[in-house]
């Protein structure tokens, strides 16, 4: 097939050539006297992406989902009760991980497509008179539905309830793309992975732990070995890792941090907001519905689009991929077949998105979904033109 | 700047990742016993791209324009008279090279935007009663105007005139993209470069010489050293080169040949025709004119678009590049400011082109040229949809 | 610093350019219809490297050490009793992981530098009248001491004791380099990582599980999420992974498998034996001792060398690295300062090793350890010359 | 074949990973407004490598040998008389190029293995009463024989003869490695290529022209097109090139310049001197002769070694390559079979060289040439140890 694949799943995202180049390198002795400079630079810069000056960053050769486990086993003890909100496939899997690891999970069920209700969290915490709930588990940006929740409001609810539970936040599809204010929001464990806003291949779990979280690491009694942050705390202090690190990914992360911090995290968030708005305008021009009903919760990193009754979103994905070399995201779990997703995070620009929107339009027509060719593109063009710098 | 640059100049073209990877390699001893396998494979496969079973291929570490000189100094002698058609900037430079190298050039001037007239060539050759004209110099695809000429007709005209002049054809922006039939068309020197249809970085001159051309190499008396094909004939026969070859480019060319020949040259040409037609439909939807007036001559590798009176094509290029990260081709020579060009050759697909057309539309509006956003995109979409496999 | 670093730690090993190139690629949708071809090819070929036709392979985005945990939590239940042999730092850490994960570990302590005693295992198992021991944990090749143990003998001892315990074998520094016969040896869990014999960057845990091991996966009750092989069994069957896979590493592994299987695993082992013997002859010429006292147990992938009393092996490493750009392996745990290590596994050849031996000689002299310059090199040269093909 | 090829021909040299990475990049519009920054940076820094503040640098997509032609056709007119010294294959080919391009060449024949005699040049120039000689053509470092000549002495001889001829110096295997003082030595055309001291793949011709040379460019009447420096002077002034530049090579050159200038040219020369001395000590330990008889002329970038009577240097090369994956340089022209060469320039260090010397020793023994294994290595080790920083 000639030309580039258009990769518009919400992760893995497009890896900039700079980062691919940085990862293409000979291996090194990870116990050499030269090695700590790399480690310390990365771990020193990472907290800036999480919006914290007090937190400590960790990187593990693992997936983003493994960071759920890292956060859980380092903060909790077997049988602990936690409160979680389930409003999409990834919050569902976060709950599932907590349950598998032996936690009792109180679940606030929210319609898939809706955001977290801080009021519900506050009620649940206030009802916990015994203060048995040790942690609140939420997903900042539900990648499955394209919904961004208000974590500052979650923290405010926890404070209003005067509840001391830890706040564990999955920011896999937000950190490095959307505004994330770990300190201001009182996040105790911020969870990320390499393959979204960090613009890298998957394979690196990234975690940031605040002061209260670090205290919890000392007392948590979950059995743990690979994920034991105590080993990282000890070895990272000297610039090393408890096991052979994924050097290629470390060099990639070094480059990604250079790119993100040079742009500035506020600019990164603004860029995602502008690009995402163009996609939303295209969806409106197509007269289709976003899975995220409330516009104020629509994500700047991913848009989940509901296909009309009778249509099959998996067929849309299949046509896009095979006929136009365009990879769209699948509907996950109960949304399978009902939505497809356009990822718009990471290393992207207007023309890449316009090409993807043009391909989506052709695909929709092919799938028998009535949209006017060029209509979504034109709506996005008008927005991008008027907002270009 | 986030995301990929949209490179739509008519060369250099986008280099596929496969080729970039193939070029990223350690150097080798170019005089080793293992080396000839690489040389012989490349030189054995190259003629297939030129449409010849009788011609001999050559590669030099040089630009495509250097192949003009290679063809001239290896086929002609100082003071020789040649006939050339000038219908654009590259045919102009081909003429210029011949003049600088000491040839007397009879020039058939053709309006820039028109194709070669075989009838004019026939007349000129018939008028050459003394048979002083030693060669006919033409450009198959004028990259500056987006005009493809009919080389089979040129050959027919030469035959009709019963004239024995050599036929030197610049196919820099056609060979590897458009149909090129060296044997059938009686081309004696076919001239190409690495950075267009071969989908590689610039830096390799590629030449194919037919049997009559190879005879001329023996008798031409132009002074020559670097360009002397006799040295190549001798060393290539054993699998080596007369000087240190550009190994990175050779490995890139090996990969490019694998890609082109796996697709098949007829399929390559059909792909370019289909992609090019989408661009032409977009231009029509914008109600703009192509520089190539006669639709039957409009090139499948590059479209030169005339801006309306009062507009400045250089401003269009400048906006596209700075505001949308879109590189459009400049108008060259007398066309500077009057046309801009969209290259559509090499490693491309529909969505890449639709992104570029979308960017061009926004740019045109920004430049005050009245086009409807989405109009060209929609025209191209309709074409691509209906012709997709 | 000019020139290449000489990387002679026993992992990470040198990554061949072919593999680095294969890893340098754009990301893809890991849920596309094209993706399963990659997964199935890799998982189909991996068992050949482990010497099994009955086992099932798994790859996780993790370190090799994480595969200890994967094997343990998928085969055992909290509080289970296991038997382990500790004869070096990595078997120590394997024991440590088992203990942290809640197992009761009966430890057979063996002098660091000695191999596993099958007789001791047989005795311990025979003494376990209640058949409380659920698994035997051993390290095939102790990377810390350069000792290879006889896993066939371990299996024979287990059989002789008529004990049904599972056999979990760390083959991190053997699999892909030394002979490994999972089926013939009755290994239930074979544990490997990407950064040694597989010649890749760290970041991929590789595991192969035999039929009895797969049964254990169903009944083990250790809490697990990221490491739960049941999720892999389900998703791998359709060509996918339970979470975003590390695509770069998968493409690297694909290339590594192509290289290893083209050479043939028996040839790979013979190559390592020949290269390792040259290092041993150099050590003998230096009149130094290997940490592995019994020559029949000396590893073909790593040689740990004892420095004379009064010398500091860490100083040796420091001089080698800073003065000669040569990375030697550290002594680990109680061996720190007493031994340094030369890794000789993965993508290596005679001249690379001779350069490293020459550098080691210079370093030893610099460190005040009396060796004759050129002596070890000459001994290795004589061996390599006489055994070259 | 496992492990890395040991590339010890005197060009192409080993390309550092940094440079390979820098060359692995998407193509760009070479007529964009962003492009001149790259051009101007490179052309501004290049003269520093040539040791000139007055000269102007040029880069062409061509071989180093093409720069002979570039220098000749831009400085001379057809039929001009020039004086050249022939003391090896490359000075022979330089003479040959001049003759083919129409010059009358007065040749001072020097034994191959000897340096240029400044006295002979002075005599020849003094004898040229008519001042017919327009240029002196010499090779600074004869790559074929491993002889470095004294260009300062050549200039002094020219001055002593009060002769105004231009001085054209081939520095292909010296510039970027050895001391080169274009201004101090009064060199008018300094000729280099990318694949030696510049540590890049072949494919870029590099030239520096002094003020007197630039005057000659204006008056030279040799026919020229591709090589016409006047086009470069015009376009380079605005940051562009007269034809599509080899972008990959330009980015490689940018990185090479960063590396060389960070090290400092005096340090680069000192590094080559130190590394070369180790090779010479090895040759002495082998009791073999260098082709360069006078030690003061022995090159720091390449050593040509004479095989004993009865031995065949081509067999030595063949064994080294096939048995040990070691590429040694061939004897060229009349030296074929009588010498083999070890290149020691570019991106190298002690251990790489010691590995190559070890491989050469094994090869020599295999070829029946009596050397003691380890002897040359030990001699080089002693030197490198005592001079390491």
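Worth a mention:
Note that the chains take the letters A, B, C and D in the order they are written out, and that residue 1 is the start of every chain.
Assume contacts are C-beta pairs under 8 Å (C-beta built on N, C-alpha and C of every residue); 3 or more make two chains touch, one makes a residue touch a chain.
Predicted, not measured: the structure shown is a model, and the values here were computed from it.
Each chain's centre was taken as the mean of its CA atoms, and the one lying most distant from chain D is A.
The greater number of contacting C-beta pairs, out of the two interfaces A-C and B-C, is seen for A-C. Here the CA centre of chain C is 46 Å from the CA centre of chain D. The distance from the centre of chain A to the centre of chain C, with each centre set as the mean of the Cα atoms, comes to 34 Å.
Centroids built from CA atoms put chain C at 54 Å from chain B.
Residue positions of chain D touching 2 or more other chains, listed in rising order: 4, 14, 21, 24-26. Chain D makes touch with chain C in their complex at residues 1-4, 6, 14, 24, 263, 271, 323-326, 347-352, 354-356, 358-359, 361-362, 365-366, 372-375, 377-378, 381-382, 384-385, 388-389. Residue ranges of chain D in contact with chain A, taken from their complex: 17, 21-22, 24-26. Those residues of chain A lying in contact with chain C across their complex are 4-5, 7, 9, 11-15, 20-21, 23-34, 61-66, 68-69, 78, 96-97, 100-102, 193, 195, 201-204, 222-228, 243-249, 318, 321-322, 327, 329-330.
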